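The structures considered in this document are given below.
Paired with subunit B in one complex and with subunit C in the other, subunit A is shared by the two complexes that follow.
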Partner chain A sequence: MRVSRIKAITKKELIQIGRDPLSLAMAFIMPVMLLLIFGYAITLDVNNIRTVVYDSDNSSLSREFVNEFKRSGYFTIVNNITDNRDIDKYLDSGMAQVAIVIPEDFSRKLKGSKNGDAMIIVDGSDSNTATIALGYISAISEIYSQKTKGIKITPLIEPRIRVWYNSELKSRNFIIPGLIAVIMAVIAALLTSLTVAREWERGTMEQLISTPVKSPELITGKLIPYFMIGFIDVLMSVFMAVFLFEVPLKGNFFLLMGLSSIFLFGGLSLGILISIVAKSQLVASQISMVATFLPAFLLSGFMYAISNMPAALQTVTYIIPARYFVSILKGIFLKGSSLKLLTFETFLLMLFGVTVFAIANRKFKKRIA
Partner chain B sequence: MFERIKQMIIKEFIHVFRDRRMIAIVFVTPVLQLLVFGYAVTTDVKEISTAVYDLDRSYESRELVRRLESSGYFNIRYFIKNNYEMQELLDAGKVAAAIQINRNFSSELKNNKETEIQMLVDGTDSNTATIAMDYANRIIGMYAKEIKTYNVSKSSNPLSPSLKAGLDVQTRAWYNPDLKSRNYNVPAVIAIVIMLTCLLLTSMAVVREREIGTMEQLMVTPVKPLELILGKTIPFALISFFDVFLVTFVAVFWFDIPIKGQILLMPLNTAIYLLSVLGIGLFISTIARTQQQAMMATFLFYIPAVLLSGFMFPIENMPEIIQFLTYINPLRYFLVIIRGIFLKGNGMSMLWQQMFALLILGISVITISSLRFKKRLE
Partner chain C sequence: MEENNITVRVEGLTRRFGSFTAVDNINLKIKKGEIFGFLGPNGSGKSTTIKMLCGLLLPSNGKGFVGGYDIMKESEEIKKNIGYMSQKFSLYDDLTVEENIDFFSGIYSVLNNKKKERKEWVLEMAGLKDRRDAITKTLPGGFKQRLALGCAILHEPPIIFLDEPTSGVDPISRRNFWNLIYEMSKAGITIFVTTHYMDEADYCNRLSLIYRGKVIAEGTPREMKEKYMTKDILEIETERFVEAMESLNLKGIETAIFGGLLHSTVDNADRSIPEIKKILGELNIKVMRVEKIVPSLEDVFVKLIEVS
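Right after this comes the complex of A and B.
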């Protein structure tokens, strides 16, 4: 390995990147766009549940019951209907997600000694929203029930629940640290997976081979510029997370950047490996999507808890570096984890990076020969 | 004219499948994506790994723990002996919840005195935490109610407030009574998988000719711009169509996703949907000069399109400006259609508005792209 040759390749690659300012711009727009979408546009928090009311009692008690839903802030009453066949229409078309059905004898029963009853229909197709809505419904019904009894009954067992690490339960705090891992996997996939394939396709690889450059030098030289772009992306993402979205960074900033570099090295090496194996840009783009983007997005635990996946798929997640990096990011951001707690993850990330780099190197040698 | 288009289509198929690996890629990756999505994307919260710190060690405390466990929502992994261990397990992420039952739990319950239970929840995953807290509240609440009723009936005081009338609320979930998130997600995955495959193939195929320099060769042939556009889109429309068929097959037979509506509505709707997707692919190919740019631009469109479609995040929770923006997202309409067909059994009478909107969008996109494409050729 000679530094001067690596330098030359890096310089060549930088010139090529410079000639394609559109791709470079997109490499910086991508993380900003993803962070803005996740930070502002979407949320897993459930509110504004569209609700339709069919109140055949129409008494002060039933109206009070409906008001309780309105007041909670989670439900938005879209309409009061007078024909119970309309319930189907509202739910089928998705105009309402919840229907509150109050029978005629609702208030009579409540005033007497019998239990009043009401029926609530939930659109279960979006199971997550439905589950959370059901939780709200049972809590609201309980409150109403106590109010009509006129006595505030304290429950015999009071659950004192405290939430750690993300005490306001903001989905933003949970998603944004993990998002940084996804961003880097995407960047690695998009930027590096085509670099070698492009040289083959355009016929410039033959020129490179005829130079005295050796394969580890070529790979390292190609890695460095993309590493720089990736590193700037991480910096940008972390700054946006902390200063724009006010995600608490409880751990050490330098530890975060150090471990990010290790992950970046592995991700970029994988991109190069794909590029070497694929030889055509079309094939490379498809492989890199399946091998880097999808696992980082779906199997890393970034949004979907790994413990909820079937056992076979859980096993697969162990070979996905993003999995370790997501837990590192969440650990450093939300729990303030130290390197000692993250030794295992760090070690595996290193192992992954070195292995992939070695394989890429070997495959490339074979290609040339 | 038809002859020339036919030749273009044949040429395109030869191009795509000359690399044998592309056959596998075009047909295997969508299925692979569906499998991974189908299994990984689950928002069902169950078996939350939990630690119990039981200081009371009584029949009552064990009964409560048993109920938490048998609900299926909590998986009691650790019985711990001190407070310190609780913190350690949460820090290491080995448990997501920890429950502490105090020493006098059972004696207070027996004397009908109020008692409390401490619960710690890892809030890192706010969705799981919210649902876990809700489950715990409900299970503990039910248990408390039972004990109270038992105590009251023993003391036989008929005027006790808890025996006064209250409210029973029955809840029912329609369309997906088991509340399985998979039933909701898999049909949507069909839509997003096809979008990515179709976009990448279309945008890269055109740019490739430009990058390698074969576009000039095409230009000197008598092929007209419109024929070129058709020749470049029809093959990918056919491949995407086949992929939809394949992926739907896997969804129904592998994942057992019920189809409540008419499956015959699928081809028609897919065709309308592909109009927009091909149009966007073509549009990207008019902007990009290299395949690298085409791929990045595809992702730059694809990721927000998926996130802002109502696929995982309900549109009504988004800020209003963004909600407005989603109207130009073809995925938005197609998701309502495909979920309607699969889960709700919606027919034409329910779906025509969405279909109409999607058709208008598709025609506009493909017209704009074709005009731009023609201009670039000239």
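Right after this comes the complex of A and C.
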């Protein structure tokens, strides 16, 4: 390995990236755009449940019951209707997800010693939202009962629930760190996937392979500039997470950047490997998109818990580096995990990087055909 | 040829691509400091051969040594000792002249204390001293060509391979390019050059003519002319040369137009000159001059390729 050769390649790549607006956009604008779009689009919180009210009692007690829903912040009353046949219309069209139906004798029963009945209809076609809405509905009904009648139900077991790590249960807090992992997995491979293929396409590779440059020198020289870019991308993403999305960073910032670097090494090496094998920029960029985005999005534990997957699929997740990076980012952001807790993930990321780098070196041939 | 003076030696070199044989069992011997011309029409196997010699392509059969290193096993050693300039322009056209030179200087590990001197040498040689900051893409063909040559020899290799270095370059640039090659040859550098411009063949010390993957003739330009051209060439300067050509051909004298002149291929010049004068005289075509000339290599190659 000669440092002079690595330096020459790194410098050349940096100049080329700097002169190519498309490369620059891919390097710096794409990750920011992706984080913005996905960061705002993906939310698992259920708010503003559209609710229609059919109140045939129309008493102060019934209005108070409806108000309780409004106050919770989870329900938005879209309309008060006077014809119960309209309920179907609202639910069928999706104008409402929940209908509150209050019978005429609601307040009369409540004022007597009987239980008041109210019918709540929930659109179950989106089962996730429906389940969460059901939870809210029973909680609100219970609060209302306590308020109006002073009834206190004493359950046999009263769980005292404390949520650790993301105590506000904001889905954004765990989505954003995972999202950074997914985006960086895609960007890292995409960044380097063009670099070798481009030289074959432009014919510059023919000159390069006639020189004494060695393949680890060439690959290292090409990795360094993209590593710098990837590092800046991670920095930008972390800053956006903390200052724009207001995700608390509980752990050590330097540990975060250090482990991200290990991940970048693997991701960038994967891009180079793809570029070496594909020899065409178009094919290389498509392969790297498919090879990184889908596994990172679906199998990394970013959206769907790995423990819920069938056993065979769970095994597959072990070879997906994004899986470890998702754990690392979520751990450091939300739990303030230390390196000791993340040893397994760190080790496997290193193993992945070194393996892919070694394969890329073997696959790169200084020959034509 | 003294064996210890040979820098490139190839025996039975063959390269097949599937069922197609691009290079078929060729032998070459090239002396140190020689300008060796490898000639042939497009697609005859020139580039395939040069790539095998440079360690870019593995031969299917045969053996070969470049600068003492085996082309089968020691291609990386070969790459330290050669400069290669490919047929297609292959510098970085989004880099400036100087950035390209610096890059290859780094790749060839040119020593720090020589870097500046070598850079200035390339800039001077390529005539780019005032355009060192120009983006390579914007340079005219001739300048690009010389810059590519300069970058390929920054490390002062003892052997240089040039694949069609002058294709697509204007005549004056071609002339300059060949002057450069002469200078390097004088400095003891071995030069292997392919071309399909037959007029460039005369610039070489020795030649091989390759056609459909096979070497069909070899020798110095002079040997080629004497050995393969058994007939005489007559140059005729005359009025109404189209009519003259037609009538000579009718009488069985093989004649073709060369510019405003005619070239006739005959068995014996002394016998044919009076005959030609007689034929044209009968037609009242004035003949200014008929004389025997030295055949050009183009005449030789056209004949050789027709034969094979």
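Some points to look at:
Criterion: the second predicted complex is superposed on the first by the 313 of 369 C-alpha atoms of A that agree within 3 Å, B and C clash if a C-alpha of one lies under 4 Å from a C-alpha of the other, contacts with A are read in each partner's own complex, and residues count from 1 in each chain.
Going forward, a residue touches a chain if its C-beta (ideal position, glycine included) is under 8 Å from a C-beta of that chain, and two chains touch if they have at least 3 such contacts.
Quantities reported herein were computed from a predicted structural model and do not represent experimental measurements.
Look at A:Thr82: by the touch rule set out above, it reaches neither subunit B nor subunit C. In the superposition on chain A, A:Pro310 makes contact with subunit B only, while subunit C stays out of contact range.
Contacts of A:Arg5 after superposition: subunit C is touched, whereas subunit B is not reached. Number of subunit A residues touched is higher for B, counting subunit B against subunit C. Look at A:Asp20: by the touch rule set out above, it reaches both subunit B and subunit C. Judged by the touch definition given at the top, the superposed model places A:Gln207 against subunit C, while subunit B stays out of reach. Comparing the two interfaces of subunit A, the one with subunit B and the one with subunit C have residues 20, 202 in common.
Within the complex formed with subunit B, the subunit A residues making contact are 20, 22-23, 26-27, 29-30, 33-34, 37-38, 40-48, 50, 65, 91-94, 109-110, 112-132, 134-135, 137-139, 141-142, 144-146, 148-149, 151, 153-171, 173-174, 186, 190, 194, 198, 201-202, 280-283, 285-287, 289-290, 293-295, 298-299, 303-305, 307-310, 313, 327, 330-331, 334-335, 337, 341.
Every residue of subunit C that touches subunit A in the complex is listed here, in rising order: 17, 51, 54-58, 75-76, 79-80, 82, 84-86, 88-95, 99, 102-109, 148, 151-152.
Residue ranges on subunit A touching subunit C, taken from their complex, read 2, 4-5, 7-9, 11-12, 15-16, 19-20, 202-214, 366-369.
Of all the residues in subunit B, the ones that touch subunit A in their complex are 16, 19, 21-22, 25-26, 29, 32-33, 36-37, 39-47, 49, 90-93, 109, 112, 114-131, 133-134, 136-138, 140-141, 143-145, 147-148, 161-162, 164-181, 183-184, 196, 200-201, 204-205, 208, 211-212, 288-293, 295-297, 299-300, 303-304, 307-308, 312-314, 316-319, 322, 336, 339-340, 343-344, 346, 350.
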